[in-house]
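Each of the two complexes below includes subunit A, the first together with subunit B, the second together with subunit C.
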Partner chain A sequence: MKVDPIHQFQIHDLIPMASIGGRDIAFTNSALVMLIIVASVSILLIGATAPRALVPGRLQSIAEVSYEFVANMLRSTAGNEGMKFFPFVFTLFMFVLAANLIGLIPYSFTVTSQLIITASLALTVFVIVVGYGFWKNGLHFLNLFVPKGVPKVILPVIVAIEVLSFLSRPVSHSVRLFANMLAGHITLQVFAGFIIMLAGWGVLGWFGATLPFIMVLLLTALEFLVAVLQAYVFAILTCIYLNDAIHPGH
Partner chain B sequence: MAETNAHTEAPAGKTAFPPFQSQHFPSQVAWLAVSFVLLYVLMSRVALPRIGAILAERSKHISGDLAAAQGFKDQSDAARAAYEKALADARARAQAIATTTRERQAAEAEAINKRLEAQLHQKLTAAEQSIAATRAAAMGNVGTIAAQTAAAIVERLVGKAPADNDVAAAVGETLKR
Partner chain C sequence: MSDGTRNDGNRGKAHTDEAALSARLQRLGEGLGEARGRAAPPSDGPGVDRATTASGYARGFRLSSELVAGVLVGAGLGWLIDRLLGTSPWGLIVLLLLGFAAGVLSVMRSAGVIPENRPD
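Entry: the complex of A and B
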């Protein structure tokens, strides 16, 4: 019995829907999970706050804590002006967090382990940052690439490095999340595969299988941490980039 | 399991690593856009305003309660201050009443003393006057008695009664000395 650690990332067409420009737009397992993400986040944040209880219950507390967590994160990095992006950052954080956590459910699908998804999200952030930066500050936005107090001689080099690092942001932003989720899930699957492989070797293998089993147990805990942490990292990087768009001066 | 493995293993040589299979990119992006926009609308229109309202309501409630508590505390402080002021006023009034009463009684006692003293003084003066009158009367009589006595003595010694005027003059002269 062979376990393919890559199979979990495979996209399946569930319902073929339309073809745009020769490309098939199908309702896939990835799309299903994305809708499940939307549904679960909405149920948590809209359903749980429906009573509008003055003294919150557990689920309403989770909703309120998420709200205040993201609001504080955004306000501390981008200031009060950044709060106009609060719905966007909040949606982004909850989407990524829910995608990471739902991906940890066995036999489900991890949307954030698809590079195209994280790249789309990171590019959205990048486009918003650049668009808002130029719209709000005009050409002063370019001050972002000119640090103050740098000698004239090395300024061109510094500006080149700044531009390069700015342009590489969407890459690092998206690959960080994608690679973390992908690697974590592959590792989990590989160690889980060891359990099955060893268990097939008879009694001695059963004892041997406890070692990868313990490993999977610990890795699962680690993956929960990574799931939450990477959602946080994705959101806080978004906040930092938005801060650059709002306050381009160094 | 075997069937799905066969499905993925068969074209393993040709197909790319699943996250890099570009034929799925349009569908992924389309569904990401749909679900992200849907989530964004649900969050920004429903969830976030509601949670914000709940939090604002709670903080308003808490600050209202704190303000009410502060109001009650101020009231109780004011009542306490009023009570203490009333107590101090009453004490001061009692002090004042005691002082005026003491002064009035002292004044009355003084007046009675003065009146009694005046009466006594009057009586004393009257007594002194009567003593002086009595004494003057007595002293007036002394001359007559002395003259009669002197006349009687002279009559016994001389055998002849002297003239009253002479005796009176002589007695008067002697008394004056």
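Entry: the complex of A and C
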């Protein structure tokens, strides 16, 4: 029996919607999972905060802890001014977290393992940073690329490097999340494939199969860590980039 | 503040419990506020450090992706400039080198060797 570790990332059409310029636009499994993510986060948070108890119950605690977590992260990196971006950062964090965790359910689909999804999230952050930076600071925003105390002679080179470093942000921002999820899921699938292959060898294979089985068990735990950690890293990098838009001076 | 409300509570016998409770709540709130103020110094908390020390694996991944992204963006931009202006191969060469430098800069920033931009 052959196991195809890439098969899990295939996108297939569920409901054909329209055809624009010879290209079929369809409601895909990826879109379905994203809808499920948004729905489950909304239901969780709205349902959890509905009782408005002074002493929070379990669900309300989840909502409160996630609120405080993101609020503290934003406040400590971007200052109190950054709190106006709280809805945005919170939405991003919860979306990525839910996408990563839902992707860990067997037979589901991990939307964050698609580069197009993480790239559009990262580009949204990038456009907001650039747009808000120019809107709030005007041309003063360009000070971001001019470090203080640099000799005039090498300033053009430094500015060019700073601009490139700034432009590379959405790339590293998106690739990090995408590559982590992709690599994790492929590794899981490959080791799970070993179990099936070894088990096909008879009694001796069954004993051999316990080794990759233990590995898969440990990897699953690691994947849970990675799922949460990457959502956190994605959100905190968003905060750091937003901080640049709010305080562009060095 | 909290002392004032406590005295009020002692005077009004009927409301003693409620007043004491509210005074306690107030004192707790103030204490919490102070503790939070101490725990989160305004706007220069090293968020990056906390993000990266969470796990060595994440840290390594973060640093390597910064470097790769810098090089890739430099190369892509150089290639684009060459295509648009017909300066091949100089745009690619120069921007690839600059991109590498930018990647190293990002790596050093996220590793905390160079301080990140902080609000003054």
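Descriptive notes on the structure:
Heads up, the rule we're going with is that the second predicted complex is superposed on the first by the 249 of 250 C-alpha atoms of A that agree within 3 Å, B and C clash if a C-alpha of one lies under 4 Å from a C-alpha of the other, contacts with A are read in each partner's own complex, and residues count from 1 in each chain.
Here is the rule we use: contacts are C-beta pairs under 8 Å (C-beta built on N, C-alpha and C of every residue); 3 or more make two chains touch, one makes a residue touch a chain.
Computed from a prediction, not measured in an experiment: that's the story for all the values here.
In the superposition on chain A, contact of A:10 is made with subunit B only, not with subunit C. Residue contacts after overlaying the shared chain place A:31 against subunit B, while subunit C stays out of touching range.
Of the two partner chains, neither subunit B nor subunit C is touched by A:188. In the superposition on chain A, A:172 makes contact with subunit C only, while subunit B stays out of contact range.
Legend: residue contacts after superposition of the two complexes on their common chain; A:219 is shown touching neither subunit B nor subunit C. Contact with subunit C, but none with subunit B, is seen for A:80 once the two complexes are overlaid on the shared chain.
More subunit A residues lie in contact with B than with the other chain of the pair subunit B and subunit C.
Those residues of subunit A lying in contact with subunit C across their complex are 72-73, 75-80, 144, 157, 160-162, 164-165, 167-169, 171-172, 175-176, 179-180, 225-226, 229-230, 232-233, 236-237, 239-240, 243-244, 246-250. The part of subunit A that touches subunit B in the complex is made up of residues 1-2, 4, 6-7, 9-11, 20-21, 23-28, 30-31, 34-35, 37-38, 41-42, 45-46, 49, 52-54, 56, 60, 63-64, 67-68, 86-88, 90-91, 94-95, 111, 113-117, 120-121, 178, 182. Listing the residues of subunit C that touch subunit A in their complex gives 40-43, 45, 47-48, 50-51, 54-55, 57-58, 61-62, 65-66, 68-70, 72-74, 77, 95, 98-99, 101-103, 105-106, 109, 116-120.
The residues of subunit B lying in touch with subunit A in their complex are 1, 4-5, 8-9, 17-21, 23-36, 38-40, 42-44, 46-48, 50-55, 57-58, 61.
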